[in-house]
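For reference, the structure discussed in these notes is given below.
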Amino acid sequence: MPRFGGPTTMFRLPSVQLPSQDVKVCFVGIPLDIGTSNRPGTRYGPRSIRAESCLIRPYNMATRAAPFDSFQVADAGDVPINTFNLQKSVDIVTNYYDERIFKHGIIPLTLGGDHTLVLPILRAVRKHYGPIGLIHVDAHSDINDTMFGEKLAHGTPFRRAVEEGLLDCERVVQIGLRGTGYAADDFDWARKQGFRVVQAEECWHRSLTTPLMTEVRDQMKDGPVYLSFDIDSLDPSYAQGTGTPEIGGLTTIQALEIIRGLKGLKVIGCDLVEVSPMYDTSGNTALLAANLLFEMLCILPGVKYRTNNVKMPC
Amino acid sequence: MPRFGGPTTMFRLPSVQLPSQDVKVCFVGIPLDIGTSNRPGTRYGPRSIRAESCLIRPYNMATRAAPFDSFQVADAGDVPINTFNLQKSVDIVTNYYDERIFKHGIIPLTLGGDHTLVLPILRAVRKHYGPIGLIHVDAHSDINDTMFGEKLAHGTPFRRAVEEGLLDCERVVQIGLRGTGYAADDFDWARKQGFRVVQAEECWHRSLTTPLMTEVRDQMKDGPVYLSFDIDSLDPSYAQGTGTPEIGGLTTIQALEIIRGLKGLKVIGCDLVEVSPMYDTSGNTALLAANLLFEMLCILPGVKYRTNNVKMPC
Amino acid sequence: MPRFGGPTTMFRLPSVQLPSQDVKVCFVGIPLDIGTSNRPGTRYGPRSIRAESCLIRPYNMATRAAPFDSFQVADAGDVPINTFNLQKSVDIVTNYYDERIFKHGIIPLTLGGDHTLVLPILRAVRKHYGPIGLIHVDAHSDINDTMFGEKLAHGTPFRRAVEEGLLDCERVVQIGLRGTGYAADDFDWARKQGFRVVQAEECWHRSLTTPLMTEVRDQMKDGPVYLSFDIDSLDPSYAQGTGTPEIGGLTTIQALEIIRGLKGLKVIGCDLVEVSPMYDTSGNTALLAANLLFEMLCILPGVKYRTNNVKMPC
Amino acid sequence: MPRFGGPTTMFRLPSVQLPSQDVKVCFVGIPLDIGTSNRPGTRYGPRSIRAESCLIRPYNMATRAAPFDSFQVADAGDVPINTFNLQKSVDIVTNYYDERIFKHGIIPLTLGGDHTLVLPILRAVRKHYGPIGLIHVDAHSDINDTMFGEKLAHGTPFRRAVEEGLLDCERVVQIGLRGTGYAADDFDWARKQGFRVVQAEECWHRSLTTPLMTEVRDQMKDGPVYLSFDIDSLDPSYAQGTGTPEIGGLTTIQALEIIRGLKGLKVIGCDLVEVSPMYDTSGNTALLAANLLFEMLCILPGVKYRTNNVKMPC
Amino acid sequence: MPRFGGPTTMFRLPSVQLPSQDVKVCFVGIPLDIGTSNRPGTRYGPRSIRAESCLIRPYNMATRAAPFDSFQVADAGDVPINTFNLQKSVDIVTNYYDERIFKHGIIPLTLGGDHTLVLPILRAVRKHYGPIGLIHVDAHSDINDTMFGEKLAHGTPFRRAVEEGLLDCERVVQIGLRGTGYAADDFDWARKQGFRVVQAEECWHRSLTTPLMTEVRDQMKDGPVYLSFDIDSLDPSYAQGTGTPEIGGLTTIQALEIIRGLKGLKVIGCDLVEVSPMYDTSGNTALLAANLLFEMLCILPGVKYRTNNVKMPC
Amino acid sequence: MPRFGGPTTMFRLPSVQLPSQDVKVCFVGIPLDIGTSNRPGTRYGPRSIRAESCLIRPYNMATRAAPFDSFQVADAGDVPINTFNLQKSVDIVTNYYDERIFKHGIIPLTLGGDHTLVLPILRAVRKHYGPIGLIHVDAHSDINDTMFGEKLAHGTPFRRAVEEGLLDCERVVQIGLRGTGYAADDFDWARKQGFRVVQAEECWHRSLTTPLMTEVRDQMKDGPVYLSFDIDSLDPSYAQGTGTPEIGGLTTIQALEIIRGLKGLKVIGCDLVEVSPMYDTSGNTALLAANLLFEMLCILPGVKYRTNNVKMPC
């Protein structure tokens, strides 16, 4: 079958109905965008990422990871959120991840959807893992108390997460923050909670492989870790199709360095959020998201690598 | 000032803060799209319609209407809705139209926004005019009881309006309905309420000037009338930029015939909804909307016409 | 599940692996575009039509057809063509339709793909039904002997079909032909074979319901009939996303009249070809195609209609 | 050579350097857009029309005209206008058409460029033919005295033409005028000069073949005639890619009826103006323009028709 | 009010009519594009930059600048240029900046518009400040003597400025020049005038914070300085929406380094030119421009910074 | 003539019919895309690159190369490939390059077209130069044995080239390889043949001028060298318009460093492949390709440089 034909599941994987005993890792879509404060459209994120994911082949040429030889992966489809009510959607997601995913030891790789969705996922995480270590890659700290008076929105999930004790704050790092804010001390709140905050300016003109990711691995220790990756952490030149682009962002090279730098950690879930296909005229932002999700798959515990005698460049 | 320069208010009119004693007619934007069941983006409808409206000149060459010579018109800006909560947004709109518009005898021409917004407007209308006659031009009847379990959504406002006694059902006409439905009798519910339902198929291959609009004027009698115009009533070839396009729709010629056919009625408000700029790559759907809003302005009570001796073509 | 979520099969139907005993009608994609002489991209036609088909609801509001209440329908996925070799692809399609579809009495509704694909389908049809009646809706007659010296291309299938005895030539009608040609008598060859040729100019400014479709039903008699619908039969204003657009074409209203006019015939298969998503910036050509495929489903033998007492407009 | 390859002259014709003794008809581009009052971009009109013209084949299937069998046609390239100075550009065009085209009895088919260009062409026409009959197809009458104080602009050429005696005013018809104006009597000025003005509303829902074009042929008599065709005469649904779109316009069917209706007149030049490729995302407006220019070629004096015994539909 | 609603002034600031005693800094649009030699469209630059500027929040998270807490800023709307005559437009701009802006000690931040506009601004500057220091960030040196024989065009303003004594040539730096030229010594002319020329190649693979901007601050000394920023100085990957893109350009990170590096200089005006929205399909070039204009605002004399004890990354 | 007018040959050069005695270097288009495994559209690559090339001026401002002062350059138009049959197209190209180009000592700069086209060019090269040195810049190694069972496809040319002895394997370098593969050892096959493989990861965060290009020049020695440049070697942020984009790619700065680094080698031909204009909404990928082709022209043997006393930045 040509790659432009066939099913449009993620990586053309088999569909699975959760819960399932057979699957260790699954892709899950959350077609949510009513938590969005600016340009909408992330409701079409999961569909678009899946469609473009057909271009991805099964082996990682740089790291030689062979994820599909390592464990059973499947596409669980979308969570049936309520598109007219954000509160109800959040509760649906919490319940879905609790009952159908974490209870069965499955590692979810979530396709967003706006960033509000990380709050219900973290609520479900806490039930099974307790407060979690967090690698949060984003242009925005998403720690507003409210947006236009609302507690639930895509700019508030990590404030809620701290309030609810979902995070092991000493094991939280935020990478890529930048741009303009509502108050000049927006990033300081996070630092006061114990988060490590790595502003984008600290990332300019350099590799993040070292020392940053070495330090992050040290910070995360042996505990369980969750990766929340907002596509707008990347510079708009790489990720045009998102709702709140900020200039001066990370490169895709740095994104690869971050994700590859997580190898060896006890990652129990990942998300890739804020792809807005309407602003992605070429489909390349969705394709980028599919690539990053593949790289996440390649660093999960248990992945096999094809060793050989050729000197590897990285 | 070149027309591509200067302020981007509607038709480059002066801005006004409502309530105002000076203005008889005002444009109001409602940047709402969280009532949308499919493609989003109508939150940018008011901005886009205003931007394209700069191409409209002050006189109607076909009907010779001179609205700006007739009464004071202004742009009141946008209603500050809550983009994270549909219920609150609906209440904000009701209050705004009640307190700032209808209480002062102002005729609003509303720029949507998704069609949910007509419900709070009709609630405000009722306080000042009682049950109203309605010309509803649309591809969809919007009389679902619920959508995914919710009472408030862009597919339900006229069901709510009937339930709440907002409409004078014998003076309601729905024009342009078509497409596919959730139940084969979706249109029958409207007919049972006393609505006249004119399916798109009845409009094919013909002028709507007569007999349709003659009959509609008879149906409306002398009472107050509200016009709710969904841009998706038009065929997608004319109105690409909308969220739920349906093939086999009205032509812009028929749209002009409908609006021009309302001349002489006691129109107390109009809306133009469901323009979604992300799907409007050329800006021409927004420009079409601006033209239709201009035509609405040209049939309001009190508009002056420039008479002359030249035989008019229509 | 919101309609923008969930699986991207046609109309979100269940997937089926052919052959299957359970299904009477199936959608099949053929992601072919190497038979294209101009703008390519129809390889993405099936994917795009399926994606947009989520906007279609289950009941036909105009005709009251209820196809999903009538028989089992499913999506069989794509035929695994060889994208580097047109001859091999043609043979793969013939075999697939022979062995997996027509042998089991299944009615295929094919999502193209370029028009070359109708030749292998007709070859498979002949094995099971003999020479077939054909309704061919298109801007082009597709009866060239060769294109740039090749016998196989998207402009030649009906020449080949005549040569191979696949058609019952007295029961062939071509509707919508127009534009420019390589020789001034291109349409005459078809007429000499006994085809009825209805040039687009004969369709201008009128309904096709009568007399055209009445006459077509008479012409088709009681024998088996195949419908091949090229999206470029429609005017480019309706179907922007195709590779060889021709001005002065049919309207979508006329397309609906043609398909609805086939009710009562013994239709044994249909195709919708030449959707090229790269030229379909809004997705509306794919959505149009999905609508037309739904209308085809609604006129198949055995479809139930929801009767009632309300006077129908058409 | 596949049609998507090879030179990008108009219809892939040979290039010619004017003046030339060999050519009877030539295509000429005028890449002008600094006379544009709204959306710019017509400077790329000639390039884009030529590029899309490769889709046109040599025979007219409807009228059976065979223009390339009839006389020598070539592409003369572009006029080297001064893109920083409108007055100088106008003078360059006048001189070019006088010295290189009309002096040699060549019929120009001009690819615009904004409508300002018709003024210098008409100035050159007058030197060789005297006051001319004019078929002017447009959404706008283009008879403003000034635009923002300037005498030269794309909204003023026919006012200047009347003042300078370039037109035989009794043999002028304007077809398709509509929309909004700066003064309610904008069209009356034209009528007072003796022009026949056919507003778009007079064209709605009907064929223009009769009686309109019969009457136009009568009006034009035996004198020389110039055709100036503004692509914005067409409805924006057909011609998205233009700078001043107006709703409620002509159909491409009507455009074909108008041009085909000119057969038999002494046409000495034609233009197709106001294609703005930046707003033409699919290239289909440029393709439409190429088709209309082909149809103009097909009605020039001396064109041969391929007669036969098959009954023609139109 | 959601940020996608409300007025579309720059940063949703209040409108002001110039001259005004209350305002220290103002945004001014110049919707000019008839000085453009290639792709047009900058006439829509000011509108588009304003529209996208709604995404900018009031505090600079990297530098902690709080410009709106520092002085009165407003949006003065557009200069009413003459779109049909470049010479007249230039004179209108000179007069506007002289009489309404610099005479009143206001610092203008200009939204272009093509680069021709810097010449009349510098003419007005000279009346009030004498020859000025200039930071010119651009892909092109814009020091052609003529373009196609014309002295006024977007490729000539700095040649004119030198000739007219508008610049303090020892205090001029041009950063980012690259690409192809009409003569191999194009950059040498600038060097001969005393300009420092920093070709793009000198900027590759490095931070511009040091030593470049340190040296620039030394070069500028204490005198008044004007910043002219052409968006095409940036690589097309960052700034797709411009008329003369050149590969191998600056990064947005370097743009931020340049602007932030001007802190402490006596900046008396800035412009951001050559945004062409038609080529900016996502709006991200306009958003980039809005960000850069915000950064310019943040380095003006008198801006306050929110100090704190947190170590700043840059 | 404004640069947006005039002929659309490459750099507006004169057309030439090959073979020709007068020309030393020629541009040749190969409008091929049926070797494409994913997104098609490269058939329009040559047309689009030529159209955008009008923005390139004649002198290289960085290297001071003056290619048009150095030797005769022309545009030979397109190779008349067979768009329905890949095998025949390959043979047509071999014959064309053998008989019309290399036999006459002409250096071809080829505009693709998909990468399959390099195989027939290398076959023709071998007849005249023997096994060749190769600089292959690409995201993909293109050394698959088959694709979907076919020996000819855009992912296989260099495997064929090795098998057929077309390459001097010790003088082959592949730069920019990355992404996902069908087997974890895909790159090792190339290394085993003696190729130097430089994965993208080795290029991150650094200049390629040294040591890489110094080493490449040493590797190539004095023998004849061919440059095959796939636009997808570049990161998608620079080259959106291609069919198989891979994240983490080269920058345009690195592309310039690679090509400029070839100065002094005996380059006997170059190609630039895989530009797919449908995915290039701004035209900037085609413009990038035109720039790279200009840079290739600037390093050919015999190019003159304008020396002077100004210190060059690179």
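We just call them A, B, C, D, E and F in the order they show up, numbering each chain from 1.
Simple rule for what comes next: a contact is a pair of C-beta atoms (placed from the backbone, for glycine too) under 8 Å apart; a residue touches a chain by one contact, two chains touch by 3 or more.
All figures in this text were calculated on a predicted structure; none of them were measured in a lab.
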On the document's contact criterion, could you list the chains that touch chain B and likewise touch chain C? A, D
Option reproducing the contacts of B-C, where over half of them reappear, out of D-E, A-F or D-F: A-F
If you take the mean of the Cα atoms for each chain, which one ends up farthest from chain B? F
Have a look at C-D versus A-B and report the one with more C-beta pairs in contact. C-D
To lay chain A over its twin chain F by CA atoms, how big a turn is needed, in degrees to the nearest 5? 120
For chain E and chain F, what's the span in angstrom between their mean Cα positions? 37
Mind checking the centre-to-centre distance between chain A and chain C? Centres are C-alpha means, answer in whole Å. 42
In chain D, what residues contact two or more other chains? 2, 4, 37, 39, 43-44, 83, 148, 235, 237, 279, 281
On the basis of the stated criterion, which chains touch which? Give every pair. A-B, A-C, A-E, A-F, B-C, B-D, B-E, C-D, C-F, D-E, D-F, E-F
Quick check on the complex: what are the chain F residues that touch chain E? 2-4, 55-62, 64, 66, 206-207, 235, 237-238, 252-253, 256, 281-284, 287-288, 291-292, 294, 306, 308, 310, 313-314
Residue ranges of chain E touching chain F (in the complex, touch as defined): 37-39, 148, 177-188, 191, 198-202, 204-205, 235-237, 240-241, 244-248, 279-281
So in the complex, which bits of chain C are touching chain F? 33-37, 39-41, 43-44, 82-86, 147-150, 152-153, 278-279
Interface with chain A, chain C side, in the complex: residues 1-2, 4-8, 15, 29, 31, 43-44, 46-47, 50-51, 77-81, 83
